[in-house]
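Below you'll find the structure, written out as structure tokens, and then a few comments.
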Amino acid sequence: MIQAGIIGGTGYVGAELIRLLSNHSKVKISGVSSVQYNGKSISSIYPGFYGLQEIACESQQEVVEKSDLIFIALPSGLSQSIVENAVYKNKICIDMGADFRFKNEALYKKWYGKTFLKHKLHEQSVYGLPELNREHIRKAQVIGNPGCYATSVELALLPLISEGLIEEEGIIADCKSGVTGSGKNLTESSHFVNCNESFTAYKVANHRHTPEIEETLSSVSKKNVKLTFIPHLLPINRGILSTIYATPKKAIDLERVHEKYREFYKNEYFVKVLPLGEVSKINNVRLSNYCHISLHYDEENNKLIIISCLDNMMKGSAGQGIQNMNIVLGFSEKEGLAALPAVF
Amino acid sequence: MIQAGIIGGTGYVGAELIRLLSNHSKVKISGVSSVQYNGKSISSIYPGFYGLQEIACESQQEVVEKSDLIFIALPSGLSQSIVENAVYKNKICIDMGADFRFKNEALYKKWYGKTFLKHKLHEQSVYGLPELNREHIRKAQVIGNPGCYATSVELALLPLISEGLIEEEGIIADCKSGVTGSGKNLTESSHFVNCNESFTAYKVANHRHTPEIEETLSSVSKKNVKLTFIPHLLPINRGILSTIYATPKKAIDLERVHEKYREFYKNEYFVKVLPLGEVSKINNVRLSNYCHISLHYDEENNKLIIISCLDNMMKGSAGQGIQNMNIVLGFSEKEGLAALPAVF
Amino acid sequence: MIQAGIIGGTGYVGAELIRLLSNHSKVKISGVSSVQYNGKSISSIYPGFYGLQEIACESQQEVVEKSDLIFIALPSGLSQSIVENAVYKNKICIDMGADFRFKNEALYKKWYGKTFLKHKLHEQSVYGLPELNREHIRKAQVIGNPGCYATSVELALLPLISEGLIEEEGIIADCKSGVTGSGKNLTESSHFVNCNESFTAYKVANHRHTPEIEETLSSVSKKNVKLTFIPHLLPINRGILSTIYATPKKAIDLERVHEKYREFYKNEYFVKVLPLGEVSKINNVRLSNYCHISLHYDEENNKLIIISCLDNMMKGSAGQGIQNMNIVLGFSEKEGLAALPAVF
Amino acid sequence: MIQAGIIGGTGYVGAELIRLLSNHSKVKISGVSSVQYNGKSISSIYPGFYGLQEIACESQQEVVEKSDLIFIALPSGLSQSIVENAVYKNKICIDMGADFRFKNEALYKKWYGKTFLKHKLHEQSVYGLPELNREHIRKAQVIGNPGCYATSVELALLPLISEGLIEEEGIIADCKSGVTGSGKNLTESSHFVNCNESFTAYKVANHRHTPEIEETLSSVSKKNVKLTFIPHLLPINRGILSTIYATPKKAIDLERVHEKYREFYKNEYFVKVLPLGEVSKINNVRLSNYCHISLHYDEENNKLIIISCLDNMMKGSAGQGIQNMNIVLGFSEKEGLAALPAVF
């Protein structure tokens, strides 16, 4: 059994990793670290794990020491030194935050206010979107797990961008996420009374996933991909639905575009291109690692509309982390991720 | 006291009209018609009205007869003959459905599959958006109350369209509505388990409010306004939030645009242009007749983002109907509509 | 116009009082105090009030000075000295907290850990349940507005207790409340993700409303009324539903009990005894000041089941405060409270 | 691989069985029947299964023929003849409905209006509560899977009833269930707008699970166990929480009662007796087969309060069906059921 540790195991991403790893047939949780809950059992924080997963939180060093592979689920900026140390000790690192998502330090600095500690680590690290980078992930030692919104927008646009079928500029991504996306911290915006029966946008055209998406898609396109990205907060626990508006360079035949998507994702188990006429819907991917993509065309206005959805804690975070782990360790990609969606 | 009747009083729009009229100081409910519940008390359908509003449903003729003004809250296509008869008897008609929203019969026919029964009625009727047509409403005998999505998009765009500040084509309206918008009927999409904890788009680029919005804005612009409109279903009871993407014809200064909005709506009690930096949010208009508009600019991509929200049963339907009634009857526009939003 | 001030105006009870008073025809809000938001507009805290209610927060003294009547919406223990001062200045006080709900200091001390500062004030104060104490309220200078759960349980049991129809001991009150009941503060239990799609009990058999209910009902019964009271947290914003189990002293005829309830509440506008066969339901009282009561009998086990529901922010708190204000000022009790429930 | 068929596979219980069986390592779904959807793929009804589980619905006969074991998920009254036929063909039957839950035909007839077709089948059938009947289940050919509410109440009371610690009469079970409990059919009470932000009781003291609970507990007690059972509808998809009030025969020590529960369930993987001080909560068992039980004592009133919760689709239905299948087939009881709860 591979020993996998979790640094920062008590936030939502950490807890979801624990939930998934607890049923993984080839990996054992070696340890979980938490500064805040050091010494406490994970079930004292998540009573649903009572009697099932009672591992006690330790220090980061202890966890790194015991592990073959570590997941790092910390606020951005805190992963770099941990990764440096772990790599030195020959551990594989999957960083769930933003520290290893960027190749462009200037972008990282502009949006996150931090610099790269050790450039070589960033050069070697791989952006962990398996549908784009599988072969690189296979050989990576440091993987930057993509952002939740970023995953949903990138998977929706990759087939179009890679073939240059749409204008690279002027793309609009109107995205909606459940509240787990903003984490375990108590904030005004996650207070039940403030989000229940309500809905709003936030960080309008100013969300940190914008540069991540643009960098990833530009690297595929070889052109400068630009998008207006607006996230909204849905009064639900889990799920992201992204409605994306793109302008085809010339008039399209939706059926042909659909075929291209099918072809592009034909070997991708976790991306389902829905039949034409169907619409992606959050409850159809809930609690699963699948991403649904539906395609629509407003011929009158020559707008291609791509609607993608996924579970932000799964394909948008911990599930994708496990998928990356399976790849880097040479397991079947589905291992521990095969559960059907909980459609109700 | 003016006698107001409601034709089709047992659907959600009818019930909301009853709720509002029950506390209107200058109008009395003369009667309520229902084919399905003829003879039954409205409180047997909505037990919350028990002991408060016990009026029994009658036939349409009886209601028209007793009323000075009638609200018609029927599925589209059923209002025309009722209006014809009521006008003949000199009653004022506020049609809550789509039959009198269009001047262009071809559009109406294309999207609703019906023809105009009596063209003169349609010529004389007024589209009941007070912020656009107040003076015409004042003298109208037949008012076509706007659609809920249409109200939210039109109010958001009127200041820009009327000054020609944005490209008239290529506008995108990504709209999200609560479930009351789809009415009282039992459908798969309004089954609790299907929409709770979920979210999806529907009628993608194919919703009947599209031509209504385009016709209204084009009449203001004198140019052909075209938009891609995609509605989504929120797991909440009430509220619409529309995120609208428009391309300024030339680079703009957001503060100046904001001032124009303030100026445009300075005498409009029910439209609140939020301070720059604020974002419209559904719970801030819930159970009220207000429409909130917030303005944002993605300079990088030259996209102006207008976010408007309102309560679909109030400013989006029954509340606006009451506002129109107040105007046509010469009352203060706020009469019966002054309640502050229920912010929680 | 009467000048009414609100001490502690920025919590949920304060905000609901502001919402209601803003549309009261005979009372004007003289001032609102807040330690935390001193100098800030109430609309900066509740943006739904933007452009409608922009009063700025002041000090407690300033508010008391300007007011004929004050509502005090502070955590328990903080009202006594304010009331003492205000009474000295001849103001009427309606305390929304627990400080003036008890006659028995020992009980107050046991459950709230505080003592009575000035016993005479407590002797003169009146427990503000209009259906029980209307005549005393009319002449009161200090009114202790009842707790939300307490109101729902007391109204449900008063007719039975006053006639001695049920065993005074062994009553069970299984109560369920929406999240506004726990206020505006950010807590683990009010984090969206923790209560959405969940449900639990809290303070099991140990909630502070227990002694309030027992003292009130015992004072009516002249016997020692004892109950097991268990509150639960519903994933909704507003509303309390109490399912109460009582043992009739002898076999009963449900229709006769129902008649007694009807008789008991025949002059009470805000208490609706539902027809036999109906069941109280939270959406039927939402956003209104009504209390619905339904009666059921499990003959097999000789248990009378009384189900009452109300909106915890209205009849359970601010609405009842306004009702008490109307009584003490000699207005119609319905003034400002006549809105029909928002049944959806 | 064992071949398992599902008769009535398109309702919620059927769909949940499909979700669980799709990841069971020792069982294959042989077929699914549906009268309504004959010939259609299960993914056309549940689009979340698209690309994952595409089995087409067949006739009941076809499914029985291909299967070693069948689950029957039909409305009550329709299982008996199917079971008779399947038993004749030597298949194992797990009936998810009520037809095989009763030994007492009179009770079944009183509450379900049907008679036993073949008495011998009912005599041989086993009530499928593993914690009570594991040894009988092991050898059964026909298993009556318990009701959801019944499971939650029985597991909560078994330790007390089996030792005679509480009064057998006068037990109160105040139960709350999510909306999946009322199934896939479109009804007024499952319309989103009617249950969202609301809460109510239904079938007050008149629910069909009452006799099931009483029969089961009486068979353990050897005395006549009687309870008042009131179900309520929670605005959530999944989960049941039961608050149960029992009267100890003599004063108790809660710690000793707690120890008895621990002892009683020490070998039961799916029943977790929480530490004293903790309270059962629905999100701690969501999407899992666990039942949480917490214990509380109101010493003042000598009431023992037992709060149990489970996921009504899992331990309350399909999960328990799989558990029974594992037992009867000699597999580990956890097979296919080991997932940790989705605590958010």
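Side notes on the structure shown:
Per-chain numbering from 1; labels A, B, C and D assigned in written order.
Just so it is clear, contacts are C-beta pairs under 8 Å (C-beta built on N, C-alpha and C of every residue); 3 or more make two chains touch, one makes a residue touch a chain.
Nothing here was measured: the structure is a model prediction, and the numbers come from that model.
At the far end from subunit D, in terms of centres built from Cα atoms, lies B. Across the two candidate interfaces, C-D and B-C, the one carrying more C-beta contacts is C-D. Subunit B and subunit C have Cα centroids lying 36 Å from one another.
Measuring from the averaged C-alpha position of subunit C to that of subunit D gives a distance of 39 Å.
In subunit B, 12, 180, 193-194, 196-197, 235-238, 281, 283, 286, 344 are the positions where the chain touches two or more neighbouring chains simultaneously.
Those residues of subunit C lying in contact with subunit D across their complex are 169-170, 172, 174, 176, 193-194, 197-202, 204-205, 226-228, 230, 232, 234-239, 241, 243, 245, 279-283, 286, 296-298, 300-301, 303, 305, 307, 309, 344.
By the touch criterion given at the top, residues 12, 179-180, 184, 186-188, 190-197, 235-237 of subunit C touch subunit A in their complex.
On the side of subunit C, the complex with subunit B involves touching residues 12, 15, 18-19, 22-23, 46-53, 180, 197, 237-238, 272, 274, 278, 281, 283-288, 290, 292, 313, 338-344.
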